[in-house]
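Taking it in order: structure first as structure tokens, then the write-up.
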């Protein structure tokens, strides 16, 4: 049944790079699977791990955190904080068997195509993992 | 904070067929009308149109709608538009939430309308959840410094600087070379009019030097950039020239006596210059510079000839880099381009065969001020070439090198054929092209003019490989798609019209200025059609080649446009302060101090308040990234408009779905 | 089809202890079962944790003897990281540990067991509770008891951070030294505690030894089991709570084994029954022979009486006196009378108080050298202490980073459970005959059970000294014919 | 009006919470002037049947400690809920799940297999494990069911108030009892007896924090001797003071050991561990994945560190892939 399961993926996107990349994917009419839902923040550093766990707890099968490439943060260093939190969150979730449900990826405003490609791959991977709900 | 009951209006845009072509906006509005707190939900062909906006205004006035969801395009496109609508209707503009149905749904899921509709509905319901919890925000006006910084003294930068200066703004022009002028200064003539490049450029260079509103810093680079739009603080590094320019008159005696020789960059290495040199005859400023890597004294510790001969006593080996700080409201980036490294085109033998040269080198050969005084010879033996092959798209339009078109090679190639034919009338010229792109004003005419010249042959195809014969003559096979014949061409000189790339050092500069780039590394404009000079940061603009390949007319126009944008920004005189700043709930704050180092702008400090330590945010410094809120262990630190209480319900709605 | 008598105490051993008595057709006891319905799985969920967390994590096994687990764990860490604590660290550990043993024992003697002796086992049940005990002892004495316990708790908090679930324990020592001012407070408490312990011993003697009825009861066959005994002894084979070798004696008092904690696996094994969550510890070399006593059964006993039985004497003078007195009056070693555990407990109180004072007065106790930082790569660590209720062993195995891979815990009360079952079975068989359930059974079973002070985390749960019991008697048609309550 | 009727009960707890109540000593007497304890199997002779006799809501307040691990515990808790006007979750286990909640990383089967079959000292050739019904020669014995996971009280019955701590220190217990007895109750769902701000506020070492608290490395408690006069976090120890509710008086820190978070999160924090992860990672002063991961090697057991007391109340509790 996992083969035909339609995952639900929450994507956190920063206003300046990754959200712009998602827009560009649209402007360039790239098609990608409709399983993602974008939450827009000004900077990925606003995303606290609590948001990620909330998404997983409320029905998301996976979460993707996105931001500007290292060195390109619109706020100088926000994405480094995101990276630090992600790596510790991931390590924690690995212990709970949930590590592969959360990812971090950088997208510049120009990488609409890469974003579309990434989502195709990610959706494929999450399909393989199967639904997260019903852990109890 | 208002206690009045939340009344949400949802407005679904068709965006012509862009949205309505995939999903039915009526269905979305119908769905939205049943969501909690929604008092009205409408759809309209173009919400951003005047009547569309009027629709929203009317509901705010008559139905007392106090929260607005616009389900249309990206907020990065029209959020300001609709915030304006709310403001006009007397509602706080930040009680708006835009749902991105176009870029995030219909444009990308056209292949799956059912899924697109579900996604659209879910995004709308999340938007409603969020908007219900938004709070009115106030901003304040921050004054904009009435100075501009222009980085790069090429033709685009010069044009921008002059326009700004003439409009009455103080301009700082920073150029890393000893002289302004850029690539254009190296050209002999410009296509298609064949004006003498120097003759039209030099006057502008002189204007810059003499303009009372322009301070010129050549041989200088941007060290660091701080501050925010309207109030940038820029540190400039003045590299040591080892010559006191206030004394140097540019007489050139030092240059004659200098014993050290190195290849001359300005002449594209076609001749040698001295360690102490003036970049080129028309240089502005016309001052000498000592090349520290070539100078015997600075490298080996002996010589100092120049010092002895300088009548003005201008030589100063003690010079150190100097730094100056500039406060500017806007920054124009006009750093131009470099040629693609032709050595990478191995099969063309550049660097291995003396007689394979670049178009720019031909410009120098053809230029009266050049190494040969304008006489076109072949480098190996200085013989007059009788057969010359010009290869277009050298590195361009080639997935192995540069996928994009350089936009100047075709016309330059034609111009170069003209150089050859005028200086060597009996020469044969072969032009190997892929497509002849003569799109500009007067370009096509120039093309047919060259085409009609005698002994100019157009070969449609790229040479496979170039070989050198013992006498330095070159040989190449080209398959001509026009005649469907394999041609074997023997040439005395081969000119490569090499592709173009972002200039060396741009990568560091763009990081300092936070300029987004396209995959090829060119500066990325905010909108490819509508905002060609703007970038994601207000007050910083792109001018000329750095935004992407351009010929001179386009670069000049682009430079002017950048100046106009900067002028507009500064003339307004102020900008609104950041609305999405951080705020502390002092009741909850334990003064743990975790947030302090989170702030890249040093806006947070721990202060004493009624005997308690608590965090305090300096709202003039806060730029609204939310890093502090993301780190706060107690939830005392929140970011306005992106509070936990506003994001969590949105996340929950999206995670649960409908 | 036989009858079932279910004694369902609301008290518990880390859960509700429960006694089921099965009768045969004649209404005689076929067998009594003692059940412990509680499991939390510490040994499993400790895996993956960093070893240094264990003193705090295992303390949560029992909020009453958290000090015992904290201490056994700290010692296991010394062993795991191969680091010797500085002398002062060891002394502080042993000092606070003795203070804790005293506090724990006094609580049990006065609040739990007290009523049985002070008021008397055959006294009307309305009086045989803490209220009755208070009346008998007088408000003054009670104040003394309360204040003593309070002061001992304060010493525990001072040194351990918290009196319950302390945090001081680290491989190679403790988290902070003792200042001179602190020591003064401690010494004061320590001295007072010795006086208090002696005073308590007098109360015991008056109540038990000088009261023939109770003395006979102590020696009665219903409360006697000839089993093996186990406890820690120092190099002179004297009793020690904090360190030493584990010594086992057989029912005839001969040394059966003396081993280092590292060899515990060669000597101890655990038996599993499907009807309870508790595991039964027995002597591996003898083997599990079911719920029977005697030399051929591996069932053993730990705790105060066991410790005195395995020790050749006490290291402190007053305790040694009392020790000799008890064995003198009970006819030499070993003593098999379950109820003598109370006596032994009070003798241990004297020892704990004396040792506490001795260490508090030790000039070295305030040295700032209380930690050696481990340098070795951890592999395996085993730590042992004597908990109030008996021998407690912590066994850890880790990877080179000190992350736990395997954990095994031999918890004091587990050692006794088999014997507790025997006691209850015996009491039941003695008192339920021909379907007639003597009301006395409640009290007898209760006393037998309480003597072990089964993991205090439970015992406290019957503070008034009465395990509330319900006895339901069913006839062969499973019809309820009688309900008894105490 | 008559005295307030109070009940105490325990579930899967260690008994520490009972001791904590006894440790308020004289304080209990003041309470007893205004209230009578009608059910406290720990201290007084009351049986479930007696509890059943109460009318619904007749008991004013029930203080319940320990998590719910066995069917019996769920049963009694629900009964108490029915009989009580207010239910107070007492101590970390009832509040958040507590230390035994770490068992929720494993399946019931794994726990049984290790404890009854694989442990080094177990001799169990027939692989016997306890079961809810056992036939013995004499008849049948039943045993309460051991659930797949342990739950805090609030996930089994509606809880009105919480008293934090492992165990709740005397001052907190006293304060909590006082507000209940005096009837000065805050809004439902509040935490009683503790602070509404993080521990740092009352920590004696808070002032010693550097202006910019950034760390180049994390340390483990056994690896070095921290300076008792300096903020332990600033010295590299993962002290959870910043994310933990205050009120305990920083007992552990005064003993020169870092806070492990037994008081749990503050009011508007949904997941204690997530916040702890965020603040601790944020102050790690590295920007490359390699350097960060290197420094994180010292956090050998994130779940044990960040969820020592609260795994069963983590947001993702139902999502955990149990081993």
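When the chains are written out, they are named A, B, C and D in that same order, and each has its own residue count from 1.
The criterion applied here is as follows: a contact is a pair of C-beta atoms (placed from the backbone, for glycine too) under 8 Å apart; a residue touches a chain by one contact, two chains touch by 3 or more.
None of the values given here were measured: they were computed from a predicted structure.
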item	value
Chain located farthest away, centre of chain B as origin (C-alpha)	C
Centroid spacing, where centroids are CA-atom means, of chain A and chain D in whole angstrom	33
Computed distance of Cα centres, chain C from chain A, in Å	55
Inter-centroid spacing, chain D versus chain C (mean Cα positions, whole Å)	26
Chain centre separation in whole Å, for chain B relative to chain A (CA means)	29
Contacts with two or more other chains, residues of chain D listed in rising order	105, 269-270, 275, 278, 282, 301, 303
Shared-contact residues (touching 2 or more other chains) in chain B	598, 627, 630-631, 644, 648
Residue list for chain A, restricted to those that touch at least two other chains	48, 50, 54, 56-57, 77, 81, 85, 95
Every chain pair in contact, whichever chains are involved	A-B, A-D, B-D, C-D
Touch list for chain B against partner chain D, complex	587-594, 596-598, 606, 612-613, 627, 630-635, 644, 648
Of chain D, residues touching chain C in the complex	10, 12-20, 22-23, 25, 41-49, 69-70, 72, 98-100, 102-103, 105-106, 110-111, 114-116, 119-124, 128-131, 134, 136-139, 141, 143-144, 146, 150, 166-167, 169, 220-225, 228, 251-252, 254-257, 260, 297, 300-301, 303-304, 308
Chain A contact footprint on chain B (complex, rising order)	74-77, 100, 102-105, 107-112, 115-116, 118-119, 122-123, 126, 511, 514, 516-519, 524, 536-537, 580, 598, 600-601, 623-627, 629-631, 639, 642, 644, 647-648, 650-652, 654-657
Chain A residues within the chain B interface of the complex	8, 10, 15-17, 19-20, 22-23, 25-27, 29-32, 34, 37-43, 45-48, 50-51, 54-60, 71-78, 81-82, 85, 108-111, 116
Contacting residues of chain D [partner chain A, same complex]	105, 149, 269-271, 273-275, 277-278, 280-282, 284, 286-289, 292-293, 296, 299, 301-303, 306, 314-316, 318-323
